Amino acid sequence: MNWNILIPELTLSLGILLVFILDLFASKKHYRTLLYMSALVPVFSLLSLFLVQHPAKGFFDLFEVSAVNLLGKAVLYVLTSLSLFAMQDYYEKKGSVYTELSYIPLVATLGLSLLMSSANLVLTLLSLELASISMYLLVSLFREEYLSKEAGFKYLLMGAVATSMFSLGSAFYYASTGSLFLKEYRDENSLFTLSLLLILSALALKASAVPFHFWTPDAYEGAPTPVTGYLSSAPKVALYFFFVQLLTYFHHLKQWLLLLAVLSLLSMFYANAVAYVQRSVKRLLAYSTIAHAGYFLLGIATVESTLQRALLFYVSLYAFASLGSFVIMSVLEKKEGFSHHLLDYKGLYKEHPVLASLFALFLFAFIGIPPMALFVGKLGLFMGLVETLLLPLAFAFVLASILSAGYYLRVIVLMFLEEGERRFPPARVSVGEALTLLLCSFLVLLLGVFPHLLYDLIRL
Amino acid sequence: MELLLNLAIFLPLVGAVAVALVRKEKFAKVVSISLSSLVFFMVLYLFLNFNWQAQGFQYITRLEWIPSLGISYHVGVDGMAISLLLMTALVFVSAFLWSWKVEDRPNLYFALFLLLETACLGVFSALDFFLFYLFWEGMLIPMYFIIGLWGHDRKVYAANKFFVYTFFGSVFLLLGLASIVVYGYMMTGKLSFDYTFHLGFSYPLMLQIAGFLLFGLGFAVKIPMWPVHTWLPDAHVEAPTAGSVILAAVLLKMGTFGFVRYSLPLFPEASKHFIPLIFFLSVVAIIYAAMMAIAQTHIKRLIAYSSISHMGVVTLGTFAMDLNALNGAIYMMVAHGLSSGALFMSAGFIYDRVHSYHMEDLGGLARYVPKLAVLFMLSGLAGIGFPGLAGFVAEFLVFLGTYKNFPLWAFVAGVGVVLSAVYFLYMYKRVMFEEETLSEYRLEKWKHLKDLETHHTLSFLLLIVLAFLMGLYPYPFVKILEQTSKYVLGG
Amino acid sequence: MTIEKAYMLISIFLFLSGLLGVIIRKNLITLLISTELMLNGVNLALVSVDRIVGGIEGQVFALFILAVAASEVAVGLGLIVALFRLRGYEGSSEITHLRD
Amino acid sequence: MEALAILLSPLIAFLLIGLFGSRMGDMASAVLCILGGAFSFLLSLWTTSKALSEPFAVKLYDFMPIGNYTLTLGLYFDALSSITTSVVTFVATLIFVYSVGYMKELFGQWTFKFYAYLSLFLFAMLLIVLSDNLLGIFFGWEGVGLASYLLIGYFHTQKKASNASLEAFTLNRVGDWLFLFGIIATFYLFGTLSITEIFGKVQAVDKALLGLACLLLFGGAVGKSGQLPLHTWLPNAMAGPTPVSALLHAATMVAAGVYMVARLYPMFENSPQSLKVVALIGGLTALFAALAATSHTDIKKIIAFSTMSQLGLMFLALGLGDKMGAMFHLTTHAFFKALLFLSAGSVIHAFHHHLYEIYEAGGLKRYMPATYASFLVGALALAGVFPLSGFWSKDLIIATAYHVSFLWGVLTSVVSFLTAYYIFREGFVLFHGEERFRGRQEGEPHESPGVMVVPMVLLAVMAVVAGFFEGWYGGVLGVKKELHLDIALLSTFVALSGIGIAYLVYVRGFVDPHRVYESLKPLHTTFREQFFTERLYHNVLAGGYLFYSKILYMTAERQLIDGLVNLTYPTVRSTGSLFRTLQRGKLNFYVLSLSFSFLLLLALTLLWR
Amino acid sequence: MEWLIFGFLSTWAVLSVLGVLFLKNPIHALLSFVSLILAVAGMFLHLRAELLAGLQLIIYAVAIVVFYVLVITTIPWEKVKRFEGFYKREFLAGFPILLVSFALFAYAILKGSFAKVGLEVKDNVKEVSKSLFTTYLFPLEVASVILLTAMIGAILLGRKEE
């Protein structure tokens, strides 16, 4: 047993255990301490990443680490820590304190972390499930809030469908390759093709690509906002790091490119169109996530290190930007009577210049304006698509990103260029939220100007 | 010297941060004006020391920036760039002076303008695609907010239209950049965003055509060429005066600059291939926009259309494949920057005093604001290519150069000379003359109008004086462009 | 057509019936049951594949699926109870408060 | 240096007046303006004496590089340019002086502008005359256009004046457009823009292209000189103050076209086709304008049409190869036409700028003897009565016309006849007959002050004596001309008969002119409406341009292009709301959609080949 | 004989599935589901997956179904009446879709080539357990975490909020 490769996850698990035990004995008073403690757990895991020797395999080859998935884990841990920091005040203000909240996100992260390293479909399924079930819980854990439960149930049911699809896909994979380990398989075989479709569909559902996106807007809207932030960032990173691994095994199928092209085109255009008719900013950002899923899927359309590196860079920074914007929304939601209706954002700049500016920063980043880091990802994708001569896809990407500018701008217009009608009591930004926001925006800007700090680490 | 160029680019950025942080109104104004003047003098110094006989770029700074992507911080100027830099720096001084009396959120206002200045200076001096694009898009956000926050009634519509439209162009531009960078990578195995690195390639025709179209779409929107021009009138109409000035004087030049700097040297065959198309679009722009201009009653919209018309002359000259025409086109960029800036100031001043842009509400102002009348007239003359002012030299060179290979096109485009005089003087007549058509009420109001204040006059004079200088003694200004034009035309 | 393949077909039938169940059933509990139906179908498929290829990994996988199914049901039922507490009993057609 | 000073003194005057006029006051500005003009005149006399013996050039500075060629601005003094300079500065100075009296009433109302414009005009005009290269000529060309625009629109509060100035500038610009391309074509023909160098190479170039260049250049002259078809601005330009009409629209600026063609005559000479066009346009305009003049009743417009007509004659002469005749007529015409305008201005001044219709005045002889005398001299000179200057110069042209073709000769004779008729018609109606102005204003009309009369007298003297310089003028231009007795007799007869008819009709009352005009109404209207060209231009061309621009703006721009642009947003939105129906919150429906799309993907995957 | 057993079991399973899908009352549907579980367990036995058959019975028939029963008993049934049965329209739309899907799946299965591992399995239970505790030990641990989390979640969600 090569325990070395499991150190980060073990650290995480120990942390979970510690927090769990403390939670059992601590009363609600200590909620804040617990949450901050748990926010520090991923930091330790992050540090422990440096102890891992890579590349290596272990646990009967079920589990493998490489430079890339370690990087993914690092990003994941940072995201988790940040979103935990941002959770504390929101739940307090909303009167929905659960001490359990301190470790459930960690469990989800554990699942995602395992997902990135899994080399066997069993482990993939289980880690995915671990993450999913914790996320169902996170979505629905909102005291006395019907919408949160509804979102949770919808997410759960769609998730269950995905699980069974994934399992069936695994069954076909097993039938065609004779093993559940991910490995090279090069025959033309309808069973294998079927397994590709099923597994891809299940993962696409988790990644909320059209037409498997239906849960996304509802779950995002119903979930407590910091959780939405977590949902829109951490799983994406893990999934796409996993996707890049999966690419090795499936890309030779001629259906792979076709399926991904269809999925990504649908996602881009569908989501960008529907986002225009949203009335809630939260839902709007949910659709933005779907559209971005479309962009990201382009990154794995075919094997080309330029593409995949750009994708991983893009998705990591997207996660930060997305987390940041949802944290801003959660700060705003602490105001009495604030819903996320577009009109509530009117004149936000007057009331909260800093928050509004940061939100605008993230929105501009989503549009893909330099010097925000997402731009570099976009550029990388363009380059990769050109390099692989997938020019129609590049064109579609261009059109979709132009299309998307409109609805982001609408939010910016409301915040900056229009006068507010409703008056809300001002919202305070807690320390944790401030930390998260600062770090997210800092990273988005810094890595926009010096992308190589991260880019060079992504070695495929 | 090299340092000076970098300082000139980034001083405004520093200023922007300072102005945004120190929330004092006076501080903002003083800092902006003094910084921009400083930048202007730096650029002027560089301009005067520019070796106009030397080929290639000068004042080059090259630092490794993002080595793994082949991106470097690479700035430098050629004759065209230094001329445009000079014009840009001057126009910004002028715009800041003009904004001396801004009362609405002055700190943000000046900070955005300073940001814009860095972006504009950067675009003209970047020698790296990535850096270029960074600055290119960097101007989008400040301008968006300038239009959106300080604009007039339909500012939101205009700002959005401006943003989406120009973004539309620039994403295609980005795709084009990516394509040629990738091509360079595939050919040499070296990933490089460096402009000079790519100059050496001769791309296959298909790639040239694709690249030309992608780049061209980005530039065409910014210029703006017919028929992707409709954002411009709206943006101008709604923008605050200084915003319009910068928009017309500097931002539009980015597109034409891009054509000269990128499209022509990188895609020479494709450029030749597309001459008929570009000429058609240019001539249509010249005549069509002139017709649009005469149809307006809104003076700013009229001036905006005149910009489109003049930009048609620039694109015509750019693609005439002739040294003189190209010189003229570049000259036109600078000249138009000066004249259109001054024209928008005039319109803005009228609005400040009378609160209307509409010709129906105006008339007979000449008697009451004589200084404006003079400067407005001079600006207009500079715009319509009156000899002795910069615009004439430019138009003459463009038509001269174009006539060599494409006499008919040049001749037809020359109608613009007539039409521009018509719409400008028509507007001037409706705004400044014809007092007898005024109502009693207005006449009474006009009697209390205040003429230009000192800061207005100064900002006018800055532009007009340079326009005169360039019109009366174009020799050095044309000479400085020659090497640029030569290498752009490949020889 | 071996008997294992026939079982495969039955398993697909079960899977798709589960999907159909999710599509047509009104009651939240029956929705959950339908997802179980899908998972059962998958299990059957795994076991029959095991027989066809002559291995045991399918059964192992099926075991894990049982665990997963159990945990999903647990959470799902918890949610149903919570929904019931908050709104009284709601059918699936009425959990449509989150919509565009 | 002194050569440069000719050019610079009006420029300096302009700058000083422009910058400090409001502080100096109007009178000081006027004085400055006159001083600038006078100084220029004196210097030009001096340089003329030098240039007559030996043409010389003054290089100013390198203006701009055109490819490998460097365009250097400079001045060129030869007989033609220096004499013209002297004439221009002389007439200009006199008119500047005159205008002090004329504009006196307006002093205190920023009248210094007027002098600034006048100085500017003089500078630009001298630039045309003196430049040694085409581009320099173009500079002056546009400069006088601007000055003309500003001066016509001097009374800018009036709609009429500002419209007229706009029209003038526009039509001039049309000419300038052609002129500009003429310059460009010339440049490509000769590789240079310097006129002296051009003359050296004129034999060597392609004739067809030379013809094209000449025609384009001539286009500029057409615009500037108010020839057909760019003529309508000239009569309307009379909206400006009278000194302006005298200086710009009679003596100098409009003559610039003629001067330019004469200046570039070596080019035109080598391209007979273009000369034919010049002759045709000139001849047509001469007749056309003369006809129009017979039917107009505006004091100044009649003289304006006369100017057009005379310019037409000059072009005809040029076209027929008589450069000297044209230039000499240009010179004499400058004197007597300026004189006529000044006299007319004097009348207008007498009525405090309220009277413009000839039929509203009458019998002024008694009140304004000096003006009357001046007008008479001017009219006689214009009619070409021996021995006034007009006789000599016109005689040259008519002789040339008869020499070339009988048809041209008849044309010139008819024009001469008409000229004599209409100018005396105006004179007689104004100064003879009953005093129709009674009751229109308080007090009696009075003679103009000395400051106006003296220039008139001086001009009258010149108008009388200038003709005697014919021989000398021909000598310095290197052309030998002798008097053709038959032609001289014929034209004197023609002129006298024109005067006679006018006398019979308007002084003797032989027939009632109103009834005659009434009975010939269609003809009269046609002439008066300039063969409806003005209406054509104003209503059809200008109006049509405006109309179609507006239509195009409303349709192509707003509806089509911008409409399409604006359509994107609703399109996307409606697409969005269409797709939104999928997301109605119903779980069953979600799964159904999911299954359906899954089926499609399944089919795609399995059946894709 | 084999086919006979298959026929019996599959008929049973199909009938139970129809019950789950179309029986109005959720309790009846649940009962059909239990019957299906038994049928599937039988199939497992028939396919010689004894361990799985046992676990199927234990986990599904006992644990999961008990969950359901517990929940169902806490819900007052008179309110549920409104939401019994199934949507006809969705059925009409969904049925053909799934029918076609079934055809495609069947096509793929029948056409597909299965791998051959060729492991001689003597004692199924032993082999599976061995695999479970060697190769798949790690996933087993993960599964336990899942179950734990789900348990905590169920408690959190199901308990009465104070």
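For clarity, chains are labelled A, B, C, D and E in written order, and residue numbers in each chain start from 1.
Convention: a residue touches a chain if its C-beta (ideal position, glycine included) is under 8 Å from a C-beta of that chain, and two chains touch if they have at least 3 such contacts.
Treat the numbers as computed from the prediction; the structure is a model and nothing was measured.
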> Chains shared as neighbours by subunit A and subunit B?
Replying inline: D
> Which neighbours does subunit A have in common with subunit D?
Replying inline: B, C, E
>> In terms of touching chains, how many steps apart are subunit B and subunit E, taking the shortest path?
In response: 2
> Which pair wins on C-beta contacts, A-C or C-D?
Replying inline: A-C
>> I'd like the most central chain, judged by C-alpha centroids against the all-protein C-alpha centroid.
In response: B
> Which one of the chains is farthest from subunit B, going by Cα centres?
Replying inline: E
>> Report the chain whose CA-based centre is farthest from the CA-based centre of subunit A.
In response: D
>> So the centre of each chain is just the mean of its C-alpha atoms; given that, what is the distance between subunit C and subunit E in Å?
In response: 6
>> Measuring centre to centre with CA averages, how many angstrom lie between subunit B and subunit C?
In response: 64
> CA centre of subunit A versus CA centre of subunit E: separation in Å?
Replying inline: 31
>> Using Cα averages as centroids, what's the distance between subunit B and subunit D in whole Å?
In response: 36
>> Give the residues of subunit C touching no fewer than two other chains, as numbers and ranges.
In response: 19, 22-25, 28, 31-32, 49, 52-53, 55, 57, 60, 64, 68, 71-72, 75, 79-80, 82, 92-93, 95, 97-100
>> Two or more other chains touching the same residue: where does that happen in subunit B?
In response: none
> Which residue numbers or ranges of subunit A touch two or more of the other chains?
Replying inline: 122, 126, 129, 133, 136-137, 140, 144, 149, 152-154, 157, 161, 172, 174-175, 178-179, 190, 193-194, 217-218, 274, 277, 406
> Tell me, which pairs of chains are in touch?
Replying inline: A-B, A-C, A-D, A-E, B-D, C-D, C-E, D-E
> Considering the complex alone, what residue numbers of subunit A touch subunit B?
Replying inline: 306, 364, 367-371, 375, 378-379, 382-383, 386-387, 394-395, 398, 401-402, 405-406, 409, 413, 416-418, 450-452, 455-456
> Which of the residues in subunit D come into contact with subunit C in the complex?
Replying inline: 580, 583-588, 591-592, 595
> Once bound in the complex, which stretches of subunit D touch subunit B?
Replying inline: 18, 61-67, 70, 110, 135, 138-139, 141-143, 146, 149, 153, 156-159, 161-163, 165-166, 169-170, 173-174, 176-177, 180-181, 184-185, 187-188, 545-546, 548-550, 552-554, 556-557, 561-562, 565
> Along subunit E, where are the residues that touch subunit A in the complex?
Replying inline: 105, 107-109, 111-117, 134-139, 142-143, 145-146, 149-150, 152-153, 156-157, 161
>> Quick check on the complex: what are the subunit B residues that touch subunit A?
In response: 65-69, 130, 133-134, 137-138, 140-141, 145, 148-149, 155-156, 159-160, 163-164, 167-168, 171-172, 174-175, 177-179, 181-183, 185-186
